[in-house]
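Handing you a structure now.
As written, the chains take the letters A, B, C and D, and residue 1 is the first residue of each chain.
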Amino acid sequence: MEDNRSSSSALGLRRKIIIDTDVGIDDAQAIFLALADPSAEILAITCVGGNTLLENVCSNVLKVLTVAQRLDIPVYAGCKAPIIGNIKFGEPYHGEDGLGDCPPDILDVGPVDISMLQLEHATTVISQFTKKYPGEVSVICLAPLTNLAIAIKIDPDFTRLLKSVYIMGGNHAGEGNDTAAAEFNFYHDPEAASIVLSNCSCEVIMLGWETCSLMENRFKYSWMKESLYSRDTPQGRFIRNINNRILSSMDASLPGYDQESGFILCDEWVMALFLNPEICAKFCVWSTEVELAGRLTRGQCVVDKRFYGRSSDGKNQVRHVLALDKERM
Amino acid sequence: MEDNRSSSSALGLRRKIIIDTDVGIDDAQAIFLALADPSAEILAITCVGGNTLLENVCSNVLKVLTVAQRLDIPVYAGCKAPIIGNIKFGEPYHGEDGLGDCPPDILDVGPVDISMLQLEHATTVISQFTKKYPGEVSVICLAPLTNLAIAIKIDPDFTRLLKSVYIMGGNHAGEGNDTAAAEFNFYHDPEAASIVLSNCSCEVIMLGWETCSLMENRFKYSWMKESLYSRDTPQGRFIRNINNRILSSMDASLPGYDQESGFILCDEWVMALFLNPEICAKFCVWSTEVELAGRLTRGQCVVDKRFYGRSSDGKNQVRHVLALDKERM
Amino acid sequence: MEDNRSSSSALGLRRKIIIDTDVGIDDAQAIFLALADPSAEILAITCVGGNTLLENVCSNVLKVLTVAQRLDIPVYAGCKAPIIGNIKFGEPYHGEDGLGDCPPDILDVGPVDISMLQLEHATTVISQFTKKYPGEVSVICLAPLTNLAIAIKIDPDFTRLLKSVYIMGGNHAGEGNDTAAAEFNFYHDPEAASIVLSNCSCEVIMLGWETCSLMENRFKYSWMKESLYSRDTPQGRFIRNINNRILSSMDASLPGYDQESGFILCDEWVMALFLNPEICAKFCVWSTEVELAGRLTRGQCVVDKRFYGRSSDGKNQVRHVLALDKERM
Amino acid sequence: MEDNRSSSSALGLRRKIIIDTDVGIDDAQAIFLALADPSAEILAITCVGGNTLLENVCSNVLKVLTVAQRLDIPVYAGCKAPIIGNIKFGEPYHGEDGLGDCPPDILDVGPVDISMLQLEHATTVISQFTKKYPGEVSVICLAPLTNLAIAIKIDPDFTRLLKSVYIMGGNHAGEGNDTAAAEFNFYHDPEAASIVLSNCSCEVIMLGWETCSLMENRFKYSWMKESLYSRDTPQGRFIRNINNRILSSMDASLPGYDQESGFILCDEWVMALFLNPEICAKFCVWSTEVELAGRLTRGQCVVDKRFYGRSSDGKNQVRHVLALDKERM
């Protein structure tokens, strides 16, 4: 999908990214993935209201960076609420604080200094970094797309200078999790999703709900427990702690989890896709719009598959990732 | 999916059907399929505006019955236009007259006596026949669902006495042919589709666009030509003649056809499914609604797959046929 | 607005009407108005679900005709529910039974023989009577427009033979009672309202919510009590009894009522308008559509006033009654 | 409606305003009104795409300030396009350049130095000035509300520090000019209008289309010609020149104009209302929302008049100006 990772790191080039996030357990894990990859240079982490309130998101990002000892990465607060309407707490999955409501003494990160947040607003810095490094910056979107959309409304031309936008969100076959038809990030701010898909002049890569939730892309609980949650490092303990609430309340009624069918990962997959494009086992480029007005379908993507194979026409060309290579993850 | 055909014919029972149609080349072929099957008893054919104007539909049905020498089957005119809006001539596929615009001297059916139409309205007879044979009648819907919907609005309770409703139309994964999101029969009259799915107390079986258009369910042109279009009987010649216009203008721009990928059949498949339930290789029961208000998604089905495997809950339970056994066709 | 009443009665001609109703206290009073006018010939009363369930409506109409000793007028059951969705009990005003929930012993009508209902369906007889007396029949619509809309869907051409349609319902300035934007009858069945306005070839006269609720068109409680509710005839007692519940619970929180501002009458006004066209003190002809898709505006009329004074253009020409002559009522 | 003008000027206090505009002939005239009033202190003029492209708007504002010799007032570029969709050139009234397409040699302003635009973005400075003068700043909105809406999305809390927002736009009785139901500024960016009405914590005063277009608020052509267009000052000549195209093509087909019924002014009225609150002859406070989803009503205001007189409840309280005192203008 892009320059091969190994070749770019051979050249000593690190791929510049801005991570836009509403941390979120899976956002935290996705950020750890990026932090662990020397080929990725995180220019900024921008925060947005979504899985939890903006103030929690900011605090959670600082916690993640504290654990990773990477407080050198600048963190920016962005939009509190979607373009239309208010914060929807869509799912109990992430807990009220967005990180599994783990008691502070157990989480053991220490108090977070909120004054470490940068003064500029997230919507400003996205275009500033892009102009500073024209053609080099990718935005990795792990949350409702409010920040990127507002950045585009303020400066509609800067996306020409972006390298790419990776989006966890939306769908390509009308299947949703927040509603029957819509995925959480897109349903939370359909107008933002529509603005981003309609106005990005760079390549847009989308990892939608259907691909994440495919049976073959899920992770067995036993595997998760043995590998991901068992490392006795500060980061390993942090990951185990933020997942503890889900693990201990492991009953079938919890969305996104089923002991047999396995865990569905989302934000981690899209970060992995960026870090190692070979994980993309199949994709299709389709003209993609977002329904804003439907009674049942608000926030759903409408993908025009009628001219399959002739997908170079049409507006809002989006690269939908359809299959993932779990071995390479 | 139902009582086995062989057992019912063993008992000498013929399965009673009403065919609701907007003939239509594929409707004509579906009707021939039913006429050829001794286990099916066609109580009535009801006509509705759709692929072509109601008067053409009525005339076309009489032509089909003339060719098959089955003018004993009563034919009823129904609704001219969808519940909201007007007739949309969605596709050039069926020709202006709905039967490929074959010149009369070549079609060679002779003048059709329109006075052979029954006096009752289609919306009345559907419930009358149902009450006459409680629990025995299936309606096979090959067209926009206006007639059945209006019948339900007049008499909301009669569907309890229906055996089943088979619908060619709609979709289950947001893929359309008339628009990017909606299939022709549902897009032509979304309100009717919504009424039928929301108010049918009997079993509803849906064959949607995605299943019909699956690559493995298409028919190679060469095969069509050798088998279907080569029989030198009155019916064989009729079928060849109504397909002649498509065959001779066989270029890639024609929707629904591609020399390599093959013909997409729709109405024939749903009739075959009724006649031989074993053709259904896979199905799923999902709560299914129709979007009426969307700007991009009007007429699309919204299928709730979030509780996969626990599909017995929820309203508007519809049996979606997902795979077809082409060998048994 | 039409032939003068006096001249037609001078000629001995009685104006033929079908009353379509969801009785309803104000419907009952409107029917009494029509029964009292020798110039009006009531061909039929057709019933529809709305203010109360269809079975209550049918029963209520028979009660009204019993009190008036006019059981010779045929009564027909129609549609139970709106085209899309279910019966909405919009307001407590009419009581659960639609006639103020007056105890049977007080109402003193005796048991109603439901078998007196005609066998034909309301949607059928509207067009039958129209064809029997071409150009002579007016339909007076006091309820959601489901019956008339379905009649049009079954037989789209019969409205050419109607003399006129009088509608209590809708609005012309975006003001509603059931929602902020929509009037009850139109909100209850927006699709039906849209069908009627879009497909009537005869003159359509609309009395919308704003005109009914104008301060100068309201009736003082004291006046109502002294005049309308004080007559000691069977009909007078019946009217007092069905209003008793409202009168006794006369507190400011009840919608549609305010001791100072007075009673708002609706169905009575539109019937009076038909019986005596001179009551119309001002009207405007505007192209009028019904919003079906809005989140806030579903069921609202959209009236195009941009070409004020040049109203002969445009589709769906509707005569909106804007001012009433209370003296002539 | 606010502190009396005379008293504030008696105190030597000048009322601080930000003018948000899409100049626009009537915007230009409104700005001249503000410039002529010593009691108003124009902190900034912010530009937005609307009647014409953003670059024209910026250039037009600089022309107006050049003519008025007030280039000391800072001018800021804002959003190019509405939140959803693109610039709609709704009406030919303002000409392609937004100022009547008057040839440069006749307009005689000289070349405009676009580098005089400030570097900050309009969406930033609105909140900056508000925080600099808490409780003192009024925003006078003469255009689609994109700039103010985006400012709110970036900083949802700053409106608490605003004194008031005056809006020319929207409606209160479902009457529109751009569509049958919607006024131009609201129809151009319905999402922005919705954001502003839903999120402003300060007083919001709206002058909608119905009030501006009332017969009694229009201006006779002869009066306009003699008074407004006849002054032989630089400003007088400028105003005559930008109106010349309309005046010379004075035929009945031009929207917004009719020789007998007179000129409809909009932006001028709302500015006059701010400068002299006594011009408001009648107002009502109603809960006000904007329809985003309707097929016919997108961009229309939905005003809840059901609790007339009890308007202190409900969200989005907006003061609608219903009558104007033309003598005081």
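We adopt the following convention: a residue touches a chain if its C-beta (ideal position, glycine included) is under 8 Å from a C-beta of that chain, and two chains touch if they have at least 3 such contacts.
This one's a predicted model, so the numbers in the text were calculated from it and none came from an experiment.
**Q** Please compute the angle of the rotation superposing chain A on chain B (C-alpha atoms), rounded to a multiple of 5 degrees.
**A** About 180 degrees of rotation relates the two copies.
**Q** Measuring between mean CA coordinates, which chain is farthest from chain D?
**A** B
**Q** Using the average of all C-alpha atoms in each chain as its centre, how far is it in Å between chain A and chain B?
**A** Centre-to-centre distance between chain A and chain B: 43 Å.
**Q** Where the centres are mean C-alpha positions, what is the separation of chain B from chain C, in Å?
**A** Centre separation, chain B to chain C: 40 Å.
**Q** In whole angstrom, how far does the Cα centroid of chain A sit from the Cα centroid of chain C?
**A** 56
**Q** Going through chain D residue by residue, note those that touch at least 2 other chains and give them in order.
**A** 292-293, 295
**Q** Could you please specify the touching residues of chain C with respect to chain B in the complex?
**A** Interface residues on chain C, with respect to chain B: 79-81, 83-84, 121, 123, 146, 150, 153-156, 191, 194-195, 292-293.
**Q** Which residues, counting only chain B, touch chain A once they are in their complex?
**A** Interface residues on the chain B side: 171-177, 180-181, 287, 289, 291-298, 300, 302-306.
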